[in-house]
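Attaching a single structure in structure tokens format; questions to follow.
Chain naming follows the written order as A, B, C, D and E, and within any one chain the residues start at number 1.
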Amino acid sequence: MNLALALPTPAPSLRRRISDTLYTRPGLLLLALLAPPLLWFGVIYVGALLTLLANAFFSLDDFTGQVVRELTLKNFAELLEGANLDVALRTVVMASAVTLASIVLAFPLAYYMARHARGATKAALYLAVMLPLWSSYLVRLYAWKLLLAKEGAVSWLAAQLHLTWVLEALLGLPGIGGQSLSFSTLGTFIVFVYMWLPFMVLPIQASIERIPGSLIEASGDLGAAPGITLRRVILPLALPGIAAGSIFTFSLTLGDYIVPQVIGDSTMYIGQVVYLQQGTAGNVPFAAAFSLVPIVVIGVYLWFARRLGAFDAL
Amino acid sequence: QKGMLQKLGKGEGQVDIVAWPGYIERGQTDKQFDWVTGFEQKTGCKVNVKTAGTSDEMVALMNEGGFDLVTASGDASTRLIRGKKVQPINTALIPSYKNVDARLQKAPWHFEGNTHYGVPYQWGWNVLMYNTTVFKDKAPTSWSVVFEEQNLPDGKSNKGRVQAFDGPIYIADAALYLKAKKPELGIKDPYELTEAQYKAALELLRGQRKIVGKYWHDAFVQIDDFTNEGVVASSSWQFQANILGSKKRPIATVVPTEGATGWADSTMMHADAKHPNCAYLWMEHSLNPKLQGDLSAWFGSVPAVPAACKGNALLGDEGCKRQGYESFDKISFWRTPVAQCASQNNQCVPYHKWVSDYIAVLGGR
Amino acid sequence: MVTRKVSVPAAVQLEGVHCVFGTGERAVRAVDGVDLAIAPGEFFTLLGPSGSGKTTVLRMIGGFTLPSAGRLLIGGEDVTLRPPYARPVNTVFQDYALFPHMSIADNVAYGLMVRGVGKAARRRQANDMLALVQLDGVGERRPAQLSGGQRQRVALARALINRPQLLLLDEPLGALDLKLREQMQSELKALQRQLGITFVFVTHDQHEALSMSDRIGVFHRGRLEQVGTPQVIYDRPATRFVARFVGAANVLDDDAARRLTGHVSVMLRPERIRLGGAAGARAGGTVSEVQYFGAFTRVRVNAAGVGLQADLPPGAAVPEVGATVHLHWDASAVHALSDEPAAAATAAAVAAPAPLGAAA
Amino acid sequence: MVTRKVSVPAAVQLEGVHCVFGTGERAVRAVDGVDLAIAPGEFFTLLGPSGSGKTTVLRMIGGFTLPSAGRLLIGGEDVTLRPPYARPVNTVFQDYALFPHMSIADNVAYGLMVRGVGKAARRRQANDMLALVQLDGVGERRPAQLSGGQRQRVALARALINRPQLLLLDEPLGALDLKLREQMQSELKALQRQLGITFVFVTHDQHEALSMSDRIGVFHRGRLEQVGTPQVIYDRPATRFVARFVGAANVLDDDAARRLTGHVSVMLRPERIRLGGAAGARAGGTVSEVQYFGAFTRVRVNAAGVGLQADLPPGAAVPEVGATVHLHWDASAVHALSDEPAAAATAAAVAAPAPLGAAA
Amino acid sequence: MRSDPSKAPLALKLSAWGVIAFLHVPLVLIILYAFSAEDKSYVFPPPELTTQWFAVAWAREDVWAAIRLSFEVAAWSTALALVLGTLAAAALARANFFGRDAISLLLVLPIALPGIITGIALRSAYGTLQIPFSFWTIVVGHATFCVVVIYNNAVARLRRLNPNLIEASMDLGADGFQTLRHVVLPQLGSALLAGALLAFALSFDEVIVTTFTAGQQTTLPIWMLQELIRPRQRPVTNVVAVVIIALTFFPILAAYWLTRPTPESS
């Protein structure tokens, strides 16, 4: 066998020539790869956002509901009115609470999935977390209305367990209580947490999975009981996942207008006001101005999250 | 008139309508209530319906375009006319127009500058719906049961057991109540409020916020709320009462002594309607006494064609009267509040203020 | 420091320890009945091929894996079921397992922190420890900013700060390159002498094991094949497996063995074979391969059907391939192996030479 | 097979090749001016410590990295800017880089497939190749189903099926354990002799380099420090760095060197030093450390302030620590090193012994 | 075998399964009410059970039309996102150039910003440019937020992909395109498929952005919204939801198996 004999090299085709060019000029390759997504996002998405921004400087003719294309800062002045500030604050507080609660609920599950569940159990858990995401959000929401209603499943269960007094005590809490769970801020909160929980579980699970087992063993080896290991080693290392998950829970809460309309005490959240102003009242300029609030809030939030390494954990 | 269709042509094969829910039925829910299938067969115009839950939504949809017709209430129709989103109607092309109730033929919400912008469809009022188990035989006579905290006949407070409408136009309901309750405010028209009158209405609503657990937004959610949330009294439409009644719920309606706000809807045609011929055919069809009577029975509204009140099997002969046919004058029909108002020297609070202030009231401010 | 019956308890004692992973068909007997006592202050090495169970034994001592059967005593106390954090043992992990989110100083002080030692005291002791491993001044850096050798030292400092009775090291030098490794070997050994702590050291590198240990335990398929000092392991391997695994060896069986040495089964180290004249030669044959290794030259000789390798010292005359040579050795160089068929079969499987080019 | 001026073009020729990664402040000169010619059919090894630029040179030959400056010729043709797929060169990667989604046979036949060779011909040649590397019958398996040594052979077969003029191997045996590695070393060497292909082999293992190569190029900080046969590299290292990197060495400078040998800078291999009587001894001192390595015992002697290590053959009497000994060596064992300050400084940095326990 | 330190403590196990239960209670209710005999408003517990709604749902054309539209939208959005996301991932996986972070931020933005913003921004852009609502106006919106899902999956896999495989392929004579076809895409395949399944799901259930970009078209979630607010036969929505759950069970499982990190090497 004469292996030293070289194989014939094929005649250079157009494909080869392009390949050669791209190989020797990596910059060109990068450009070719990036052009379509950059065009899409740069033109369509950023373009749309800029249109929205531009709209924020227009105003609405009070009577006809037509947009007047004259630059004005009136919308921003209006944003600073008490009621609007209330809405913004209420929404941010709700988003933060939902995010915190999601972390608290998601962490043990994610931890269990990542470090203990194996094989079929793990697959089952994964499926169980994903399944709600695939069943219509709206149907789940209305199911909650039924669960939380005054004469709904939760009250029914509480009555069966003779725990009605607990429920009443909860509903009696000022600020978050109300007539029934489905008529209270508490209800809105529960449903938000429910809706976005899977978006928190998955990134945390992924980030815990990435922690080398030897680090946890090393902590135990050095004398740390499991609680200390959790606080000193696992939590800090799962932080990117937590931050990534919180981007979802935070942003989804910030923009949702359907949940608080169905469950809650009729106080408004940013999403509803934007929707109402844009859709119902047709006041696109004010809606645009108001939608800058979540943009700014999320912007600040993303800046923080990025420092925690959340983008690599999304 | 310029821009008006002068002669009816051939149907375009379809017509796109923005309508209130339940306004255009093709028997999906109840086989008996179908006034679309026949029309489609007769004219070859396929009817596409987009429902809208509020007047504001309707205006927004019309502004966005893509529709031929809209069943606009009075608070939307003026905005549509002035916004030039609807076109003048040539009543000559609608033979049945002459059968329309005389009180409606030139009603201000569709007739402006000597021009027709719509064809009356139905009208009705915002009744007080209540739970008969709670109120026993003492039916409420005043809107105060939903505005002010008090004990109901069953001995328990109304707090958390009453509802109000989740829309800025509800400020007019408050004004109407104040018109009777506090004559010293000098309210003449609930849609034309001076700054002081408006403030008083808001004050009343702020008080109401404390006893309302959740505001109602659409009819079916309110039905749920009366079913399993313990709500016992609220402003409502006859429609909800009819459905709850059909479910054997202990529900009745009443028009309190202060009177009521109401709505009168007209079918209006988009300025850029793509299917004008089918649109005219539908408007003609919409005045058909059978349709008017069926719809009235279905929705709990009052027909725009008096002939419909007689001999309709679904409505019954007492139907029109029950739904308020004779109370036309007691009703303050929905209109869009504007700054230039006749009754208060053009010093009224405009609608956009109503919107933001109502959001504030709901937010507890 | 040979095993002896003394009144002080063993630093570690394993009694009939087994470890089985998985169940049923797919069960793996990672550790299959190990009895072992390690004396206080000893540098004990677990040596063996990949998968032989070394790490598993270490993990059982550390408490990361519980034995399926058997008892484990540390300093005379039964710790079989105690969690890792309650054992007077610390570990240097193969990948060092430094906490990436903490500074070097915080890594080193971790054991103190979890015990509630105050901040100032922690800082002081951590600095002392870093000085001990010659890493003064890197306390504020993160693990990612250190080289492999430096990380290794940090891992050591972190384990030692807890003053364990016993330090476990799982191939701590595996990731370092040769020169750095040789240096760290000396340092580790010196440190162990200085501190007097018992070291249990895992490696699969025989040179490392031979040069550092007081005693070596050779693992094979989850069993301890032989325990002894480096000299004993190298010069008097108990089984064919040990003979072949530790160092280069001519292992002869049956006919060949009887013919050349008079024993049934023997081992003869290549460096014990010399070339010389025909007179007094123990065997003769033709040179089939010559390999230069710098410090010595390995010559493969085909002696009447038996392949023998001889390592020639520098300066010795190196024969050409094909030349006829005569092999000499001292009778004392021949070590008779015990007859253990199971082990023999294994040894053959591990080292059976099948030169790749031969077939084509 | 020493470098010679011949009329046949070199298999590979590097002319003033540089490779710089990054720019400005953080630029790394991975390869810093390398001139090298490798003869056809040669087994050439690039040896050097981690980070010295070996892989980078190999990658430039393979075409995966383009040189920042200089020219590269393969078989006399300038290929400096050609992409890898247009070079008559194939590579065996350190991690084998087998395509995990293809069967073994498809992996081996890959080079033929992308050249448009028909299915039947591909299959036949792949089977031949698998037979060549003694892997008949595994063609239908996936890479994950093979052991490390088997994968290594597949990688070899996959490269060889393209009939390269030049085979590049980047630490192909690094992932194997010691015994398997020794076996594969013999096989690879045999295969190279059989096929006559030029091999360019990267390793940081000096034993591997010494025993396999025709010539060795020693890298240090991106430069070629010395090129020569194994004997030359081991016995006559050009610089302190080479002396210390390849094998154990006593490197003496200045005073000590002059006193003991009469040269300015010398190297003396420990296996060349013998212990003996006081008569005729070249130096004397006390034993500071004794390390047992099985095949030899390393004794460190402190000879009047100069540390020397001597490797004693098996059977030799081993002194105790603290004993006084006398050291003997032949004059021929002393190798004078060229005076190259830069290299000297480096060598010191790499191997400066600093026993870890000494500080505390 | 004795108790193993790798076993989970009971409290952890309980809380994990508790959270799972919390996630599934509404699903149980949805299934239960798919059989409820009541058609307009629900009470708990349901008065009577029936299977009639499955037949009713089957016969309703508007359901099918909505499912079809949603399916098409999701398919097109996923396809577009696959192209854009894979390209972006290929460009950003290893390269390190100025602006890299900005680009990855841009990709994340549509999912990090509330959907209502994407929706209203697109709507005002359509309005400004006088683009009438159509199938494609929905697809554009959906594709925009689906890209990041594909991108994340692809980039994670590319980072895990041994770069030597690409080099080995080129070394063996394959040019860039052949390497793409024979090595990169097969390696990326399962990650892309998993990403595509997720993107499809996101698009299929999206209601907020869709509300702003659909005009008068009715996707399945919009249909649900209309049905739920103005119920004619309320259990039909539950029936549809149950059927969707049943149908999606296996794709999720597939996505999991495909992206699960395997210890496979070489």
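Keep in mind that, in the parts below, a residue touches a chain if its C-beta (ideal position, glycine included) is under 8 Å from a C-beta of that chain, and two chains touch if they have at least 3 such contacts.
Because the structure is a prediction, the values reported are computed rather than measured.
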Report the chain whose mean Cα position is at the greatest distance from that of chain D.
B
Using C-alpha centroids, which chain lies at the maximum separation from chain C?
B
Top chain pair, ranked by how many C-beta pairs fall in contact:
A-E
Suppose each chain is reduced to the average of its Cα coordinates; what separation in Å results between chain C and chain D?
25
How many angstrom lie between the CA centroids of chain B and chain D, rounded to a whole number?
91
CA centre of chain A versus CA centre of chain E: separation in Å?
14
Per the C-alpha means, the centres of chain A and chain B lie apart by a whole-Å value of 39
Residue numbers in chain A touching two or more further chains are 1, 7, 19-20, 23, 146, 149, 151-152, 278-279
Where in chain B do residues touch two or more of the other chains?
221, 224, 227-228
Could you list which residues of chain C touch at least two other chains?
63-64, 83-84, 360
Of all residues in chain D, which touch chain C in the complex?
49-50, 131-134, 153, 177-179, 183-184, 186-188, 190-191, 193-194, 204-207, 210-211, 230-231, 234, 244-248, 269, 271-272, 291-296, 298, 311, 313-315, 330, 333, 350-351, 353-360
What does chain B use to touch chain A in their complex?
54, 56-57, 59-60, 63, 79, 82-84, 160-161, 166, 212-215, 217, 221, 224, 227-230, 336, 338-339, 350-352, 355-357, 359-360, 362-365
Given the complex with chain E, which residues does chain A contribute to the contact?
7, 15-16, 18-20, 22-23, 30, 33-34, 36-38, 40-42, 44-49, 51-52, 55, 105-106, 108-109, 111-113, 115-116, 123, 125-140, 142-144, 146-147, 149, 151-153, 156, 194, 197-198, 201, 209, 226, 247-248, 251-252, 254-258, 270-271, 274-275, 278-279, 284, 287-288, 291, 294-295, 298, 302, 306, 311, 314
Footprint of chain A on chain C - complex, ascending:
62-64, 83-85, 89-91, 93-95, 97-101, 110-111, 113-115, 158-159, 162, 360
In the complex, chain A residues that touch chain D
1-7, 9-10, 19-20, 23-24
